[in-house]
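First, the structure itself, so that you have it in front of you.
Order of writing sets the labels: A, B, C and D. Residues in every chain begin at 1.
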Amino acid sequence: MNTKIQVTVWNEFRHEKSNPKVASIYPEGMHTTIANFLGKEADYELRTATLDEPEHGLDGEVLSHTDVLIWWGHMAHGEVSDAIVEKVKTRVLEGMGLIVLHSGHYAKIFKALLGTSCSLKWRESTDKERLWNTMPSHPILQGIGDYFEIPQEEMYGEPFGIPQPDEQLLISWFTGGEVFRSGATWTRGHGKIFYFRPGHETYPTYHQAEVQKIITNAVRWARPNVCIPDNCPNSPALEPLPEDPEADNRPTIGHK
Amino acid sequence: MNTKIQVTVWNEFRHEKSNPKVASIYPEGMHTTIANFLGKEADYELRTATLDEPEHGLDGEVLSHTDVLIWWGHMAHGEVSDAIVEKVKTRVLEGMGLIVLHSGHYAKIFKALLGTSCSLKWRESTDKERLWNTMPSHPILQGIGDYFEIPQEEMYGEPFGIPQPDEQLLISWFTGGEVFRSGATWTRGHGKIFYFRPGHETYPTYHQAEVQKIITNAVRWARPNVCIPDNCPNSPALEPLPEDPEADNRPTIGHK
Amino acid sequence: MNTKIQVTVWNEFRHEKSNPKVASIYPEGMHTTIANFLGKEADYELRTATLDEPEHGLDGEVLSHTDVLIWWGHMAHGEVSDAIVEKVKTRVLEGMGLIVLHSGHYAKIFKALLGTSCSLKWRESTDKERLWNTMPSHPILQGIGDYFEIPQEEMYGEPFGIPQPDEQLLISWFTGGEVFRSGATWTRGHGKIFYFRPGHETYPTYHQAEVQKIITNAVRWARPNVCIPDNCPNSPALEPLPEDPEADNRPTIGHK
Amino acid sequence: MNTKIQVTVWNEFRHEKSNPKVASIYPEGMHTTIANFLGKEADYELRTATLDEPEHGLDGEVLSHTDVLIWWGHMAHGEVSDAIVEKVKTRVLEGMGLIVLHSGHYAKIFKALLGTSCSLKWRESTDKERLWNTMPSHPILQGIGDYFEIPQEEMYGEPFGIPQPDEQLLISWFTGGEVFRSGATWTRGHGKIFYFRPGHETYPTYHQAEVQKIITNAVRWARPNVCIPDNCPNSPALEPLPEDPEADNRPTIGHK
């Protein structure tokens, strides 16, 4: 029996093919960079999947063997099949962990699970980002101090169109004057969700130690305790019920 | 200018046409009963809408003039058009209040906003339901004491597949041995959502004073403060930014 | 019967007496400045109270007639009597609203209600503060746009030692590189609590329009719906109970 | 180095000495029963402490070596020293886990951390309690099915005077017609808190397998990730600040 944590890193994998700068930072794609640093954990087993594979690399076999799914998408959110999104959602609700990165704030799967717009302010520029640790006791932030900095990143600013997070982990300061809730968690069904802001494709963000540490911690935090398929059972009484006062003239037409 | 709270009561309106018992309780449909008791409030202006009307009675004109939408559906959730659901969701996110009743737990609009299964246990039987007030200071529960009882209701039982509520208002006790979170609120975007459990079609639940009081209170609580359409703006810096160290060899391909 | 909202503004009122700069900004004390702008609301009735009055100006008569209490303290938190803190806490739990300003983060009453350290980073300096609106639909933020700025303020930085807020309203950006959850709400018992960060005594913060607007809104938001004194009742069964199998040999010693 | 989870079980230990029925169920005290079943876990190291020991058995040495503290108290809450309560609170805020059982809802330490009344309805009677699992994915509920029953227990009923829980784990149904939030969690500072309702002293509740399972799981869930003492640092700027426009005529009186 395989007791390792099964991690699938999903990447749109388009910028890397069309933009030489991105290709120079992530020659084999961001998914490979992420899988490589996660693969250093002895108890993680890594797989990758990308948009242009059949079923986006997320067929039933892959999904049912994924404990934690990591998601990066941006320019092609609209090309992700609604049927696959529905299958991923089903897996999260039955227990699979989900880590959504950066521009994945607009991924269909993230919006479907949160139920909100997930909109924000943004600017591609020369901002420095400083991420403040607002919950130092959280498993995802172990090894991270009071704050860390990313020398250059795309700016994301408030208001961020999310439901109030279950746990507020990181808040970013940007040179240009904005703030952003950069790390936050939610539970949906039996699955745990972590959103982590950094990771613009034109910067080497996923090569940075603190970013790698947080994603690595998040995988362990998000692993499922259960796999409980959805059901809505007709359920017999556990205690005696009164007689039905209208038992004789009750309509016989069922309607559930 | 109309400063009344514009309320639209939406009802599937099918059980009333096919089931004589339901028709005897709600001769003009549940929506009419609900609109009638709400209409006694001097500051409420009532409209109704039903599944079989064009656009389910929820065209753009109606939706844009609705402050609070009440939703009852059951046997025909699947017949509600996805396009209408999307429009209703957009209105909630920009500020419209939404009150979801009873079997509306499985309405497309409720599941789309909460992001979860919204499944539960259920039993049509002779249970008495006693609803306990867990937040007596809440505006929705003013005029309700420690608890109230509904002589006979369908049972809904935990676990209820919802995200942790923002506010936990009511918990039900059922004769047959179950419990249920019968009143709860969430914020999604700029809109407020209230789920209220009672209202099985074969019982005269919406004729009961406490039930009417709670729905009446909920309308006032759910009225919007704002109407803010979704946007995701490119946003100029408010503070001076550093020079771009790579300004000369930056790729020119835009990607947002 | 008085149907106005009864507001009591409490101020430590010490800096104004010892520091000429503070005295020049608030010649009659911060409480008077705050009471004056709140007093412009036709439905607010204002009272002030200060540390050096008997019972700190908060005797039973005053407290029982206060709907919303505003609290500013800093250099003399330790001089506030524990007995008065206990009385204020009792009033909040039974329904009174509480608005805690700036250095009141370390007031005994705030720490007693939140249960945490309420610690933070701080710096008296030349920072500009920009407060971002993270919940534009909230009643407290009506009339406030995406953000507003305070030209010079003391810096407060994360981590802020508070329980996860019920509602996250404002996040501050500071020139020096920090962020802070500057507006947040909690419910404790039947009372509503709003913490609002700005208001260092050496700056004219409470003369600024946006700051006045937020405090004015907060009073209306925090007004009580109920006044429910604490009780812990022995409560008879509402449904038939089984016979006690050990009725005959049950010990007679009471223990509650 | 000791890498086991250090657990201290604290018990008031009075009922066992004065009430023969309680003594017959827990001859060596509830703390011993609880320590014995927890001691079966290979990675737990157990200690007990009781009210009548010096410093209630909770001197600095014990507290600083406790990862998770379990608390049962009832008839003598008032005899617990405020100084010890303050030390326990400090330890929770810096990271120690706390599990509060049954009548501990009224313990000074629980009320000090939650900030509310913690009041409830109650009845010593012949009720059966059925605890419904509202969050089956939670680590504390692993091995517990949809529900479990305790044949006879004291009734606790809503409203329960607690802040909205971070996680809602269990809701109880009682024969007599009440419901109660029987399992819930909060974070305070860096520490995790779990309240678990069952455990009236005249019933053999802590001998029941499901109850033992939940407390055993809760210890592992509550163990600290960090130990962070409180501080409130004066913090230098990380970014350049503007000149102070009033540098020359700034008052020199410090006030923090």
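Operating definition for what follows: contacts are C-beta pairs under 8 Å (C-beta built on N, C-alpha and C of every residue); 3 or more make two chains touch, one makes a residue touch a chain.
Quantities reported herein were computed from a predicted structural model and do not represent experimental measurements.
Q: By mean C-alpha position, what chain is farthest away from chain B?
A: Result for the farthest chain: D.
Q: Write down the chain pair with more C-beta contact pairs when C-D is set against A-C.
A: Answer to which pair has more contacts is C-D.
Q: Please work out the Cα centroid separation of chain C and chain D, and write it as a whole number of Å.
A: Going by mean C-alpha positions, chain C sits 27 Å from chain D.
Q: Could you please state the distance in Å, as a whole number, between where the Cα atoms of chain A are centred and where those of chain D are centred?
A: 32
Q: I'd like to verify one number: the distance from the centre of chain A to the centre of chain C, where each centre is the average of its C-alpha atoms, in whole angstrom.
A: About 36 Å, centre to centre.
Q: Of all the residues in chain C, which ones touch at least 2 other chains?
A: 130, 136, 157, 164, 166, 175, 177-178, 187, 189, 238-239
Q: What part of chain D is in contact with chain B in the complex they form?
A: Interface residues on the chain D side: 130, 132-136, 146, 157-160, 164, 166-168, 171-174, 177-179, 181.
Q: Which of the residues in chain D end up touching chain A in this complex?
A: 95, 130, 136-139, 142, 166, 175, 187, 189-191, 224-226, 228, 238-239
Q: Name, in rising order, each residue of chain C that touches chain D in their complex.
A: 15, 18-21, 74-75, 89, 93, 106, 112-117, 119-128, 155, 157, 161, 163-164, 166, 175-178, 186-189, 201-202, 230-239, 241-245, 250-251, 253, 255-256
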